[in-house]
Amino acid sequence: MEGLYSGETMGPMPVKFSIQQLSTFYGSVQALRSLSMDVATNRILGVIGPAGSGKTSFLRTLNRLNDLLPDFRVEGRVLLDGSDIYGPDTDPVLLRRRIGMVFAMPVPLPMSIYENLVYGPKLTGIRDYQRLGEIVEKSLRAAYLWDEVKDRLNLPALRLSGGQQQRLCLARTLALGPEVILLDEPSSGLDPISTARIEEALAELKSSYTIILVTNNTKQASRVADETAFFLMGELVEIGPTEKIFTAPGDSRTEDYVTGRFG
Amino acid sequence: MRLSPRLTQAFVVSLLGLATAVTLVILIFVIVFILRKGLPAIDMEFLFTKPQDMGRAGGILPTIVASVLLPLIAVAIAAPLGVSTAVYLTEYTRESRVTRLIRFGADCLAGIPSILFGLFGFIFFVTILQMGWSLLSGGLTLALMILPTIIRTTEEAIRAVPNSYREVSTSLGATRFRTTAKVVLPNALPGIVTGIMLGVGRSIGETAAVIFTAGSSLRMPSSIFDSARTMSVHFYILAREGLSSEKAYGTAAVLIISVLAVNMVAYGLMNRFIRKRS
Amino acid sequence: MKPLSHRFRILILPIVAVLSVLTTGCGRGKTSVTLAGSTAFQPFAEKLAERYMLIHPEIGVTVQGGGSAVGIQSALSGAADIGMADLVRLPAEAAELQPVTVARDGIVIVVHPSNPLSGLTMDQTRGLFCGKIRNWNELGGPDAAVTVVSREAGSGTRTSFEQIVGDIKLTGDAIIQDSNGTIRETVANDASAVGYLSHGLLSEKIKALQVDGADCTTEAIQAGRYPLVRPIFLLTRGAPTGASAAFIEYVRSPDAQKVIGESGLIPAIQ
Amino acid sequence: MIRIGEKTVQRLLMAAAFSAIGGLLLIALFIFKEGLSFFIETGFRRFLFADVWDPQSGLYGIFPMLVASLWVTLGAMLLGAPLGISVAVFLVEFVPRSVMRVVKPTIELLAGIPSVVYGFIGVMVLAPFIRSTFGGPGLSLLAASFILGVMILPTIISISVDAITAVPASYREGSFALGATRWQTVRMVVLKAARSGIIASVILGMGRAVGETMAVIMVAGNAVKIPHSALDSVRTLTANIALEMGYATGRHREALFATGIVLFVVIMILNTAAGVMVRKRVSGKKG
């Protein structure tokens, strides 16, 4: 089923996610209010909006991480390559292997760097020591961390610096070989150099992954994202190519937010 | 009169230090009391031969074997059961009235006197299930006695594991079981080991319940269906029937040294395991 | 790096191996006789069992404790072949059991070695334990409040002691200890204490008192001069048969009675 | 890696949970079965609130023992809980980790020592000391509370140590960053974060104190009367059960099981009280 961009002339792009009237509830509290949008494949979608606008909740709904919350409920549909991820025959475990996620605060597992990286692949049954070594190197290089850690892979991950830990988390997600990468404010609390490293990595990764980057740093969105979506109070206010959103937004609320007048 | 934070800190720390000193003095007094009375009785013959003349002479080898086997059986039953129950209560069910009721029940049973566990074991395992006085009946009874402690300590340890680890593991495509086995339990290990060590300590030191279930036969147990007398029960009988206080304290000294050794080994292993990971 | 689950598997292997080895043990190879009951007689029964198994290696005799009530219960329920009880009068439940007297045990009144008294009459004993005599100076001793130490309600030693001395209503603030060993320790550590225990436990830490002028010796008991004596019964469901009968016969044999006499009890048969 | 069916794992864990809980329920039922009929026949007045316990003449009043049990448990907690928690805080917060790693197993050794050994130490050392310094028979409520206080230390200390060490370092760093001293950090941040673990240690410690049998019998003197001072000899409910169970038959035995039921209810009340008391105090401060 082909999803078209809303109001975009650049010809139909292959769609990774097609989200239709998505609403989410934590018990009685509603987080997202009937969201509808399409996410193009192999491009970076920036998601901006003030705190509490439902950005993170949206992200965690895509890889069904919100299932961990006891009274979480979903309405509407989220199609990944055409099939509804909340449908009965979707196995959330397999889904999460296709959709990797990097959290706001870097959370390395309390194991060595090596064990952190091979954690995902081993779950899919890869046992061959040689193959694991390749995956580790490939993903560390993709996250621009290989040179700094290649000869101390047995070091406990908690001994790395903040920036290195975040890149390790990115590498760990890449090691899983996902199709989509979700990033939840990856550079919050990082120094400019580490932030630049992450953004370089994302630009590089765009060619082989669909990336959704949630950030409250509008500059980062304008630098990195191909398309940008503006969330407010759980609603999708507007979505479109990044320079259109930042120079000629269709909705006054987007304009106020992007020019920094509020939020 | 508000003391400056620096002064209150110094005052409180010295108070806490005093509390620790008092505890250590008591601990050392108890150990010295036992070793002073017990060490003279310990020699090769005492450790490796069978008791004679009602325990007034000879060694305590059968009781040492029983004191190793009984807690082993109790923990081999109670640890898996207890940890699984705790995992089920924390990871696999939502916090509800039922889980709170179970937790409350476990707390109350942790307070039931061991004599009632002993009687239950005597009537249920020894008589009804025809297991007779045996290490198995004793092990099962002790398992039920230490179960509440293991369940509670494991639950607390699991609850202390930060939720972010579970989220990361799940986001990397782990099932709930793998997340529990690979991330939650390894990080909750210190608390679990503490619970099990308290269980071991309690089952090694128990007398009332053991006499009614594992019995107090002085013969060397050749299988878990044989009755056997642990070191604690041996001390109990020797001291209380006034047979030989010298042999009684010798047994207590051997007991203390082995319990201390077991504790040290268990913590050494666990600390090495943790240092490797964090 | 082996992840934890491997290590667990490795850890569990030895435990399972140990347990499986143990479960195959020789189990009930030989015919066995189980005794259970009175903690006071248990050590003596063990010693006799030891000697008996030297003579009859094909029979395994195990001895359990738990107290006279457990002895009676186990004999009734069949958990034990022979019950051991040291009660002067057996309770109603034991009516079905057939008692055999195998030994007698003298109960001796003990005080702290520093106590000058050397003996008591029956009336003085009754006065002390009923709380009528509250200070040692009433008996010519030092001016100190008497600490009465007694066994717990139902214990063979106490029931026998109270039945022989006659109509004792134990004083409310008596210290209760539940074994001979702890009574000895309590009296040995309290200069103004008075208690009673099996005469087998006498030691230099405590001082024995005469009763009506008689010392607690084997010949005084057998001559009937020393009153505080109680029988020790072996109980079987109906007449003893097979291995149980053989063991009981052995316990009543002169050899076993000599052993009982030497290790602190009074033989039932001269 | 073959993925063990999530469902089978869930069922296995549920089976383990229910067998464990089933076992514990079995014991509770066993105690209630043996003692309930007696409880109903005799009724509260002649059992719970009567104060003469003389099984030979059919009098089964346990009020003095109920009072004694509450006093002994309270005494043990007054000694064990504050001392235990202070030691736990001191070991984790104010002592280098290497020292803690040696001290903790040795303290846990206290848990392995048989209670009958504590009993003898009480009779031979503690009771004579109390008798000489404070008077009275020595074997008393004070001696029982002291010995129990010492015996529950390992439970309270080791579980509290784990609860406090589990508090993430970031909590402490946050507080230090605001200029708090170490003790202020402990009081305001660490103890609150470790609260549920510490409550668990206190409850388990109290359970151990109420359930302790052997040591209490040997040092409490076991006189059946309501204690008027800490120096009086007392008999707790637990001691009574253990003292006479070896010889009790018929109604006497049922009365002892009924005492077990009373004990079970007492523990329930103490546990709920401990839980509520701590929660109220903490929320009070926040409010």
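Annotations for the structure displayed:
To keep things simple, chains are lettered A, B, C and D as they appear, and every chain counts its residues starting from 1.
Here is the rule we use: a contact is a pair of C-beta atoms (placed from the backbone, for glycine too) under 8 Å apart; a residue touches a chain by one contact, two chains touch by 3 or more.
Here the structure is a predicted model, which is why all the values come from computation and not from measurement.
In this assembly, the chain whose C-alpha centre lies farthest from subunit B is A. When chain pairs are compared by their number of contacting C-beta pairs, B-D comes first. Centrality by C-alpha centroid: the chain sitting nearest the overall protein C-alpha mean is B.
Rounded to a whole number, the gap between the C-alpha centres of subunit A and subunit C is 78 angstrom. Between the Cα centres of subunit B and subunit C there is a gap of 31 Å.
Per-chain CA centroids place subunit B at a distance of 15 Å from subunit D.
With centres defined as mean CA coordinates, subunit D is found 51 Å away from subunit A. Residue positions 3, 120, 242, 245 of subunit D each touch two or more of the other chains. Residues of subunit B in contact with two or more other chains: 175, 178, 182, 186, 239-240. For subunit A, residues that reach two or more other chains under the stated contact definition are 93, 112, 122-124. Residue ranges on subunit B touching subunit A, taken from their complex, read 94, 164-175, 178, 182-183, 186-187, 276-278. Against subunit D, the residues of subunit B that register as touching in their complex are 5-6, 8-9, 12-13, 15-17, 19-20, 22-24, 26-27, 30-31, 33-34, 80-82, 84-85, 87-89, 92, 102, 104-117, 119-120, 123-124, 143-144, 147-149, 151-153, 155-157, 159-160, 162, 175-178, 190-191, 194-195, 197-198, 200-202, 204-208, 231-232, 235-236, 239-240, 252, 255-256, 259-260, 262-264, 266-267, 271.
Against subunit C, the residues of subunit B that register as touching in their complex are 52-55, 69, 72-73, 76, 122, 126-127, 132-133, 135, 181-182, 185-186, 211-212, 215-219, 221-227, 237, 239-243, 245.
Interface residues of subunit D facing subunit B in the complex, by the touch rule stated above, are 3-4, 6, 9-10, 12-14, 16-17, 19-21, 23-28, 30-31, 82-83, 86-87, 89-91, 94-95, 101, 103-118, 120-121, 125, 150, 153-155, 157-159, 161-163, 165-166, 168, 180-184, 196-197, 200, 203-204, 206-208, 210-214, 238, 241-242, 245, 257, 260, 263-264, 267-268, 270-272.
On subunit A, the positions that touch subunit B within their shared complex are 63, 65, 68, 70, 93-94, 96-97, 100-101, 103, 105, 107, 109-112, 119-120, 123-124, 156, 158, 169, 172-173, 176.
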